[in-house]
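Order of writing sets the labels: A, B, C, D and E. Residues in every chain begin at 1.
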């Protein structure tokens, strides 16, 4: 039978590749398994994979290609927030669902009824960090080190929601994406004597720098750096870092074991949140396609996806305002112990 | 009396002026037919190509506009500009802010971007254009990075990392340029007009002065050429083109953010004329096509495509010394020589 | 404490920039080519060492030697191939720039393709951590400083006091004059690239324990090295050090006294101001003006 | 000493030298004159190896050096003072000279740094000054000194008197005279026939890439007296004749 | 001669150029000490001296590339020390260089046309627009350049790329270009080097012709024959004027003979 074409725009090169490559692995596995089970409606799935090189203008070009030349039914990705905004501008009018690996939660997303989010909004990420900082670590004074891209967005939200928590933000320092050194920033945060420090961004460098200048306060981090690669690049700085994420494959939740096993069987290593979210993204599209069939009217697939979906990463509800439906209690917290992620008993949002 | 004294003829009764061989000399029939063919090809391309290909060509056009500015600085002024993305960004943000946030008509945003860019170029150019060679290149590089930094920080205008979404499509007199095809027919004529204007300038007194300034600045000064002012002018011209390209980019993609205005873009804009050949303005067109299309063609080959793109750059410089434009001209010359066409009045034996 | 810590960080970074800038200066001195792939060569050197140790199981020292030789060998090949072709044709400056930018792309993509996208750390030369006025500096940073300083001193002596060093400079300043003075111009250029490649690899190997090198890091290193070399006067090894320190310290101080968000804006504005006041670079010397 | 047969050379598609034949014996100072564009510099550059010979043969001291690369020719006893001086501008005078001294090491030592400083006092004053700060004449002196330090058997000098004060020219001519007495051969490209005639015993007159006329031993006065001959070979429009 | 001098050479005139106690120092090296002389608005003034005596430095000071450590440069009675090279050129002060500075990427024709840059009118925007007036201006400039090129025996190589010129032709080209800049004072730094004896004779005739046209010339040369065209000669030695006068006078001066002529 004629294959169903699904597009993907991932940042497999450039600064976003830390997330883009795991996403690619999760996605390819999901496609493979669906095809092994006979595809959707008896038709195999053909994945058209594109790399946007972490640049939004390239992402738009690729989206144009996928939608108008390749005639895909849905787009998995992009990896980065800015690319999501850019691609949404092309895909939404064409009523092609976009399963973005970013969480926006900005009001304008209300108008884009076909752009779904596989990861929590930054508002939620900010709250998850503050929850664990205040409730699990008991921090009264929080320092923040963040990068100029993803970290910057989260930081904006931390500022907004921090009044809800009994914590004072005592130092905020920034490093630019790709920086080779953030020692001075770390020193400036250290000088403010915080009880805990949130390090938000896609780089192992600041973690190392913080430990190198003997910053002993607990470090917290978000999704972006919760991967084995980053942990390896952190070197001996990697212990006792707390992550707010969704999947600890060493100790998965019952709803996650099937995915973890399949992944380990395929690749021989453990997956993290990014792999799981890509797996979910494809499966959500596949579920929608199974409902409306591959020949449906434009927009029907979006409608079909717009509902609850039980994924390996977490439970989604794409009919929510933020087009993701993730909640604080969906988070899983982990701590690094000798390079291994250990799931913490702490639950947020309770 | 020495026999040679006869050559000291007073002015006025000199021998006949050799046939014109100015840079603006009338094109030959061969050139004209090539041009006509090119124009035809240009017009029908969108009809035969897929939308995606047209989309790529629109980006090529944008690169050509911004790259032409950098190329003119390099080829005519000997100035390596590693900061064009700064002006590209000014154009992009001016358009995005004016039309998406303030709901002003698109031409207003474009004009503001260009004027602002040229004003900034005038202001900053005065001190930094006193530098020369690689020192100037470093200053432009620094300028580019400073601007990127500011784009990150000034998020009340630029939206920071998130950028400005929802930039409306460009509409002129009710006609909306909302498809790649329509944009293609808008962007490329602009690029051609710019190249033509540059070509004109090269054939003028100012163009000669530019070349003179580049080859021997001291001697140019003695000929009363105001090197500083010339440099400032072409720097402003280049900046204005960067802004124009950025504005067109913003309206085309409908979204701008800092990622589009980084140092890598500046390097790309420099590569455009260098690959195409910086000695002729039209080199920017060829360079833009190369930069815009080759990575896309190679990306079909999988992960190795970036290595291949690097090698393609290397090959282009090793095998085509004057840029791809030089290759084209070489071929034309060759066919001409073959067909025994009349020589061009050059005195080279 | 904060000030001292920032100063130490600035100085350490300054030496890192200087190390890359040193190679750029050496290659410029000996060939008048701006080598825009210096950072990538550093990455290649470090990545090779990491892989020689991790995958081929070489001992650390052998791996480091392998990394250094790889950097040197690649630079030599680049000189023997495309660079020589361009020289034979008397290509313009921008052709060399494009060539090295293209090669930089290629090497960075090659590292990505062959070695993956991880950042690689090498073990440091020493694990101690020292405290200076309440601030902390790692032993390896001190080694970087000491080794770079020694390299710079050695290069200075090499260029001013050895026949080979003088010949390398002479060959690039005036190839015809050099050839008629019994200097093998091509061999000198090859030697220059060998030295530049070796310095690049050394830079990569020395900084890998501090910052962890990855395929995407080349351009950044090149840019900072380029800035350091130019600020110092372009063809002067000592200048590259001064340039690197100025940039490193400016950056650190902008973070302390202004804000980390405006670091680049502040540091680079100051850099432009410095250049305007010393238009030939801090240690550069101007030629004759006029006739 | 040096013999050239049927030498052809040029640039790109252009052939400038169209079969040059000449010969210089040991201890001879031979002039090479000719109008602008006659090809004198091209000949010097070809003899020096900077421009490949397209045809013909260059023999030096009996050995064929036509295909020897330029930097090895000093080892055969050949030294050149190029038209543009070609000094290493960013290096000091001393460094310029030291490089040549080193290259001349394997040969019989006739010149030392001290002797050069003696010959050209201006050089001595500026030993530690960068060459590109020197005046034009000072640079010319350094260039000649540099060539001498290669300890050559034969010197090619392309217009060495350019830009030199008359006194220095006289001194150089004196030196050349002494060198010749020491057995050194010299080819002197010289536009100024007064200088050429007083410095050389015989000369080749070049025109349009060929040796068009030979001024034999003792023929200088006759040549100079013949205005027609002089203006025919040294007059103006020769440069255009290549077309 | 075909042209009558515009101004009679013997008319008493205020000097066109006047140097007052010029001194210059490079770092610790004092090149010029207290140099004063004048050049009349008509005729040829010579400047000679041993290598390194400071002639070119003096040229750089007069043309504006260097600012003297002390002393004044008066042009037309006005102190021009603060003026740029360009401003001085517009006033009619045009020089050539000891090593010819040719615009290598231009043809001979274009090089000469650049000489007439200052008399052109068209601006940047007119150039971009490619107005017909610009084209006309360019062809006029070219025609004028051709006349000048012929005067300086460059007619036959008019459309050659300038790198192909021989040393002698480069000298002539620089001269032609400077002439095209309508100089009132033409400063020539060793214009004869690279020329044959015959060519120097022609050059002498050309300089006379230029002088007859009313162009004042300041000439630096080591060629005694060429120097013979100068009505007054000043001899520099170690940055000081050691003799002034006609050729015959300075040639007999013992200091000059010892320092410069070596006889």
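Following the convention adopted for this analysis, a residue touches a chain if its C-beta (ideal position, glycine included) is under 8 Å from a C-beta of that chain, and two chains touch if they have at least 3 such contacts.
Since this is a predicted model, take the numbers as computed values, not measurements.
When the partners of subunit C are compared with those of subunit E, the chains appearing in both lists are B, D. Number of steps on the shortest path from subunit A to subunit D, with steps defined by chain touch: 2.
Here the chain pair with the top count of touching C-beta pairs is B-E. Chain centres computed from CA atoms place A at the largest separation from subunit D.
Work out the mean CA point of subunit A and of subunit E, and you get 73 Å between them. Between subunit B and subunit E the centroid-to-centroid distance comes to 39 Å (mean Cα coordinates, whole Å). Chain geometry summary: the mean Cα position of subunit A and that of subunit C are 37 Å apart. Annotation for subunit A: residues touching 2 or more other chains are 13, 148, 176. Within subunit E, contacts with two or more other chains are made by residues 56, 63, 65, 95, 97-99, 153, 156-157, 198, 202.
Counting partner chains per residue, subunit C shows two or more touched chains at residues 112, 261, 263-264, 289-291. Note for the complex: subunit C touches subunit D at residues 163, 166-167, 169-170, 173-174, 176-185, 235, 285, 287-288. On the subunit B side of its complex with subunit C, the touching residues are 74, 80, 127-128, 130-132, 134-135, 137-139, 141-143, 145-146, 148-150, 152-153, 218, 263-264, 267, 271, 274-275, 278, 303-304, 306-307, 309-314, 316-318, 321. Subunit C makes touch with subunit A in their complex at residues 1-2, 5-6, 8-10, 12-13, 16, 112, 117-121, 129, 135-136, 138, 207, 210-212, 214, 216-217, 220-221, 251-252, 255-256, 259-261, 263-264. Interface of subunit E with subunit C (complex): residues 56, 59-60, 63, 65-66, 95, 97-99, 189.
Note for the complex: subunit D touches subunit E at residues 33-37, 41, 83-84, 122, 126, 133-138, 140-141, 159, 162-171, 191-194, 230-231, 234-237, 239-240, 243.
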